[in-house]
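Just passing along the structure, written as structure tokens.
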Amino acid sequence: MSAHTYKKLEIVGSSATSIEDAINNAVAKAAESVRSIRWVEVLETRCHVEDQKVAYFQVTVKIGFTLD
Amino acid sequence: MSAHTYKKLEIVGSSATSIEDAINNAVAKAAESVRSIRWVEVLETRCHVEDQKVAYFQVTVKIGFTLD
Amino acid sequence: MSAHTYKKLEIVGSSATSIEDAINNAVAKAAESVRSIRWVEVLETRCHVEDQKVAYFQVTVKIGFTLD
Amino acid sequence: MSAHTYKKLEIVGSSATSIEDAINNAVAKAAESVRSIRWVEVLETRCHVEDQKVAYFQVTVKIGFTLD
Amino acid sequence: MSAHTYKKLEIVGSSATSIEDAINNAVAKAAESVRSIRWVEVLETRCHVEDQKVAYFQVTVKIGFTLD
Amino acid sequence: MSAHTYKKLEIVGSSATSIEDAINNAVAKAAESVRSIRWVEVLETRCHVEDQKVAYFQVTVKIGFTLD
Amino acid sequence: MSAHTYKKLEIVGSSATSIEDAINNAVAKAAESVRSIRWVEVLETRCHVEDQKVAYFQVTVKIGFTLD
Amino acid sequence: MSAHTYKKLEIVGSSATSIEDAINNAVAKAAESVRSIRWVEVLETRCHVEDQKVAYFQVTVKIGFTLD
Amino acid sequence: MSAHTYKKLEIVGSSATSIEDAINNAVAKAAESVRSIRWVEVLETRCHVEDQKVAYFQVTVKIGFTLD
Amino acid sequence: MSAHTYKKLEIVGSSATSIEDAINNAVAKAAESVRSIRWVEVLETRCHVEDQKVAYFQVTVKIGFTLD
Amino acid sequence: MSAHTYKKLEIVGSSATSIEDAINNAVAKAAESVRSIRWVEVLETRCHVEDQKVAYFQVTVKIGFTLD
Amino acid sequence: MSAHTYKKLEIVGSSATSIEDAINNAVAKAAESVRSIRWVEVLETRCHVEDQKVAYFQVTVKIGFTLD
């Protein structure tokens, strides 16, 4: 039984397509600088609107990764 | 640098297909009566269930638009 | 005009595909043991991450069904 | 299966008698300007006090009605 | 001094009359299947509206009862 | 135009009859020691249960009164 | 003792100067279309940043006014 | 990669000794009726007081377990 | 290293000028009856409106002071 | 069946040892000035850090006691 | 239409003068290590008190900046 | 009187023994990369369960440290 320590980063991912894609983009971006990502917590979903339509979804997530 | 004033409306959009589609429907409906929609905040997601299956997604959003 | 009594169960559904699918899985699982499901409230969305990618979406829902 | 769009208004109803009556007054007032009210969410209950007694109950509600 | 264990159920009681009556109905329904109910926490009050009037109050409660 | 200072006390009032009566009891008790009560904010409603019925309503309120 | 009904609007006021000025701008804008404004509740404060400095404060408020 | 479904129960554990012991007691009690407990979320900590001292800690937890 | 005990009071300060001034007024009032004030937590900002303008800011604060 | 009135005080207890000890210290301090303490609600746990180690735990509690 | 990724940092800015100045100080400090700051969300306002007066305002903010 | 700027990190510490130990572990880990840690805010307590027993406590904390 291990007792890891984790850190959480707060990232906002965007996507013109879907909420899931915005989450994936946030994880992909975080993966460029941290290793061992373990989980995502979705905090907030907003949309940017242009020409009276949703232009892209903006999803704020907390990304948890192992510190040790 | 401009200092706009915005107003927010609270709308519940529905869709049998997806959460994103429910948000789009809420924006489309709001666009019938207000101009210059700028952003959407997703507040709450519920589903109506019929015959033991999700019949449609009901997403409550706040829609922000420029007042001036 | 009827005055029903309802009960709510808290279930976490998972899906490798989408948030909607995770909700559907939670409802399908609940439908194995309770009848007359009426609505779903989405409480929380998390993701399990493997190999630096979202492996599946985990959506916590409250499922409301008629008690009588 | 229909997919309605709803709007919510935030109203504060008052009553010297009861919380239920304050809610009823809020609905009655809203019914003067909107049709097809479907539900009420009670957000907050406050009381105005005069002469060291509750003078009236003030109940903030969200009133949901069909937009289409 | 005893150290009991309790469980909480989430029930929605309804009443055309009052919030208190809706709570009582929730407790009466829960009492059909659990013994030793000890307390109630009121979580949320909503109303179903018909013909532009409150048709019944729907009160979501948590019902705590002794497990042992 | 005056600029008063207020203080808030947190009181739990009880009543076997109704939520409104529990609030009134809280105000009456507070009025024994503070003057110039101005408003009440209802924070939480719980019930004590005996013999599988609600024995009394317990309503936690904040009571605001003028300090000067 | 009167028992008024109130409505609340959600407005975002902006100002390059101060939070108070942003609130004042929100009230001034609301006063163009509603009469009898009675109170303001501050919900959220955000800032727009340009050139690494706060360009203006954006304060979301609820504005309460008498309906009758 | 599996996609489990989980259920959460809300339990209040007690202990005269410590918060950790109250959590352990809640888990032990839940383990009598459900298998495959996976995690605990601590929601609320209260204490019962007797003779002006803490008599026991009461910790409300959500207990998550695999449904399938 | 000392282990102090603190108490918190909830005060509403007012000012026609600014939020900061309303906080200062709350602290000045509290300082008339308690010693050793250590910190302030701002809980809520409201405004009283007269003649369609903000008449004064009302800021609810918790004031922490050393008990021993 | 009695219908008591209770008051709540907000106290911050400290301890270099444990969260439970900080709660006990808060209750002991409150017991110097109020009688008939009945329960404690834990609101918030913070720690003061010195030399890169936790120097003491600071636990904010609400202490409920019988008023009559 | 671009789909940026953003990161949020949580900073506490201080000022003896005003809440706005504390926010500005937080942004200025963050600007030393991150580029492309886009917005600020104000989370919490506290004050440090000395000699029974507010010594400085401490404002916790989230600072959002473009990652790419 | 100084006006420091602080930054907060969100860390999850684990311990098979106690909540306090999990907090200490989070602080010790943070101390490897940041200096001048000043305080800890406990946000959330969860437990990992194995073989129907709590295997370790997972405590999410915000760690505040001086930036300058």
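Observations on the model:
Going by the order they are written in, the chains are A, B, C, D, E, F, G, H, I, J, K and L; count residues from 1 in each one.
Here is the rule we use: contacts are C-beta pairs under 8 Å (C-beta built on N, C-alpha and C of every residue); 3 or more make two chains touch, one makes a residue touch a chain.
Small disclaimer: the values here were computed from a predicted structure and weren't measured.
Contact with both chain G and chain K is made by I.
Distances between chain centres, each the mean of the C-alpha atoms, put I farthest from chain C. Computed centre separation for the pair chain F/chain I is 22 angstrom, with centres defined by C-alpha atoms. Inter-chain centre distance (chain F to chain L, centres taken as mean C-alpha positions): 38 Å. Residue positions 10, 18-19 of chain C each touch two or more of the other chains. Under the contact rule defined at the top, the touching pairs of chains are A-B, A-C, A-K, A-L, B-C, B-D, B-G, C-E, C-H, D-E, D-F, D-G, E-F, E-H, F-I, F-J, G-I, G-K, H-J, H-L, I-J, I-K, J-L, K-L. Contact residues of chain E toward chain H in the complex are 1, 3-8, 10, 62, 64, 67-68.
Within the complex formed with chain C, the residues of chain E that make contact are 9-16, 25-26, 29, 50, 55-56, 60.
Across the interface of their complex, chain G is touched by residues 18-19, 44-49, 52-54, 57 of chain I. Put simply, chain F touches chain D in their complex at residues 18-20, 23-24, 27-28, 31, 35, 37-42, 63.
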